[in-house]
Amino acid sequence: MQYIYAALLIYKSGKEITEDSVKAVLAAAGADVDDARVKALISALDGVDIEEAIAKAAFAAPAAAAPAAA
Amino acid sequence: MQYIYAALLIYKSGKEITEDSVKAVLAAAGADVDDARVKALISALDGVDIEEAIAKAAFAAPAAAAPAAA
Amino acid sequence: MQYIYAALLIYKSGKEITEDSVKAVLAAAGADVDDARVKALISALDGVDIEEAIAKAAFAAPAAAAPAAA
Amino acid sequence: MQYIYAALLIYKSGKEITEDSVKAVLAAAGADVDDARVKALISALDGVDIEEAIAKAAFAAPAAAAPAAA
Amino acid sequence: MQYIYAALLIYKSGKEITEDSVKAVLAAAGADVDDARVKALISALDGVDIEEAIAKAAFAAPAAAAPAAA
Amino acid sequence: MQYIYAALLIYKSGKEITEDSVKAVLAAAGADVDDARVKALISALDGVDIEEAIAKAAFAAPAAAAPAAA
Amino acid sequence: MAETRGAEAIPQWKMDEVAELKDLVKNYNIFGVVSFESISADQLQKMRRNLRESAVLKVTRNTLNEKALKESDGSVPDMVQYIEGQTALIFTNDNPFKLYKMLAQTKTPAPIKAGAVAPFDITVNKGPTSFPPGPMLSEFQGAGIPTAVEGGKIAIKETKVVCKAGEKVSQKLANALSKLEIFPMEVGLILRAVYEDGTVYLPEVLHVDETEMFNKFVTAAQEAFNLSVNAAIVNKDNIEVLIQKAHTEAVNLGVEAVVFEPEVMDKLIGKANAQATSVAKASKYEL
């Protein structure tokens, strides 16, 4: 999930998510950086609406709770 | 949430969440770094079982929307 | 959560939520007071309608109940 | 609700909820302090497991109508 | 409902629910006391697990939450 | 809950809920009477529309029952 | 100047073609080996035009492709193994994942021909069709599709696998599937491998599921939100929820401990009423 957190962090910082920015953030965090995974992330972001994912997370929070109620 | 994302990224990379590591990650992401908030983050996380805290559903208040959407 | 309780207590007492008032309440409760967290609280509360937020909680109550029912 | 907020604040600060501690916190918040309500609070909390009580959903009767409307 | 409230009040006070105790409570509340209904109440409550019935009522609320959380 | 039962019993009997009437009912039921809680009860009930609170709860009841039947 | 191998002279156009391919390998960041089997020349032209902005598609004889790759630097010659059948080379400055995605988008469904092997279980779904009863009914039945007449039209009675993955499709079934507009085949440019700076990427690596990626973002955002609330790390995004949480905890405590506070009274009354109702019900006492 590190790649995802890195992307979220860059996104929320209002910067562009690029191979370089993701690698820089991962390196700063001391994470192992796998070029292919960074590329895969960047290429997939074209079709991923991060804002929507964040909104869904807030909305989905209670859903996460549901199984506990079972 | 940048501070949280940064903390989780460091945590997931198996490193220690310290003022320095958080600042380094935020800086790499191009985020504005507020010393006080970094300190607040570190202090809030003290003694917190992160694994448990991320898995436990946050209080579900926004859920109020759920029934309407159902 | 102490910081939040302190803020709500001050709010319901009809006083202004400031760094000083929050610190005074926390100190009276015997809580450790972290300046950075107080600052973070005040800054996050800026522009927030506490009355409205509480009203939403009342509505959301049953959803919040789900995990507790486990 | 100030009395309950005060009680929770003291509880979460790891201190004992007594008439004196509740009064001190309320006074620090600038709240009017009603001796009878403080006494009533202390007496109501006697023997209550606060951790369990805050986690247990309040009887949410009016709000419970929401799902039915879904 | 007065008869039931009276019975619950007596039950929660740790006393025995008898014709006399119910009548005494009703009289103290200024309610009209109907001998036949008191008898009917006592006989209806025979064999009823009041604790369980109360618990069921409390439980219904959180359960209602489940669909909302789904 | 005895205090609430007593208040509801008095209300349903068409009498006024006062410190004295509540104490009388509690005493008749053999309950321990805490002056401070009686005072707090009377003061908290000020402005509360009991009929409406019951009606709301009653409305919610069938909703609450639904999931249990599922 | 013609190079000679044995007695046979290699025509100039072939040498030019190889030289051009070698230049492309050198000048573009990445290149891929693609298969374009079952694409008509017409479709191929269309795809080439669509790709023109972002990639160069070169179609030539496999022998020339192989020669160009073998004569290139580094580990480029390793890519020769992916040349087989109708093969083209594609050159771009994008990254391998984007190239894969771009080519995946060129795929279009196509009917399966008689005698072709089903790429997966071919299923017909239960439901109405637009065909009137008549010869079609026996045609469908002959192809093993369970049909009936419903409301004056042919309907499929049940969802059924009519051809298992790996089996050959019969003439009858091919006709029926085509009439039902079930297109089990995909035609397009299929990426076999991509070369970038010494690394060879295969399709299984290049396939990134965007839905899965989106879900990961949701999970990550949720984890962050949970942590922020559970550790009470106050920020703009969670302050309202924290207020709600604190207030709800206070109300919960108020109700559980029966603390007489105005905000709690309606809940206490409701609870008492529900308890009384429940006891009345359990005792079948007529109110």
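Miscellaneous remarks
For clarity, chains are labelled A, B, C, D, E, F and G in written order, and residue numbers in each chain start from 1.
Keep in mind that, in the parts below, a contact is a pair of C-beta atoms (placed from the backbone, for glycine too) under 8 Å apart; a residue touches a chain by one contact, two chains touch by 3 or more.
Predicted model, so just to flag it, every value in this text is computed and none were measured.
The most distant chain from chain A, with centres taken as the mean of CA atoms, is E. For the touching copies chain C and chain D, the fraction of interface residue numbers used by both exceeds half; the interface is of the same-residue type.
Taking the mean of C-alpha positions as each chain's centre, the chain lying farthest from the centre of chain C is G. A separation of 44 Å divides the Cα centre of chain B from that of chain F. Centre-to-centre separation of chain E and chain G, using mean CA positions: 61 Å. Put simply, the C-alpha centre of chain B and that of chain C have 19 angstrom between them. Each chain gets a centre from the mean of its Cα atoms; for chain C and chain G, those two points are 46 Å apart. Multi-chain contact residues of chain G (touching two or more other chains) are listed as 220-221, 223-226, 232-235, 237-238, 240, 242, 244-251, 258-262, 264, 266, 268, 270-277. Contacts with at least two other chains are made by residues 1, 5, 8, 58, 61-66, 68-69 of chain A.
The touching residues of chain F, counted against chain G in their complex, run 1, 3-5, 7-8, 37, 40-41, 43-48, 50, 52-54, 56-58, 60-61, 64.
Considering their complex, residues 1-2, 5-6, 8-10, 12-15, 21, 24-32, 58-59, 61-65, 68 of chain A touch chain B. Across the interface of their complex, chain F is touched by residues 258-262, 264-266, 268-277 of chain G. Every residue of chain D that touches chain F in the complex is listed here, in rising order: 34-41, 43-44, 60-65, 67-68.
Residue ranges of chain G in contact with chain B, taken from their complex: 220-221, 223-235, 237-238, 240-242, 244-245, 248.
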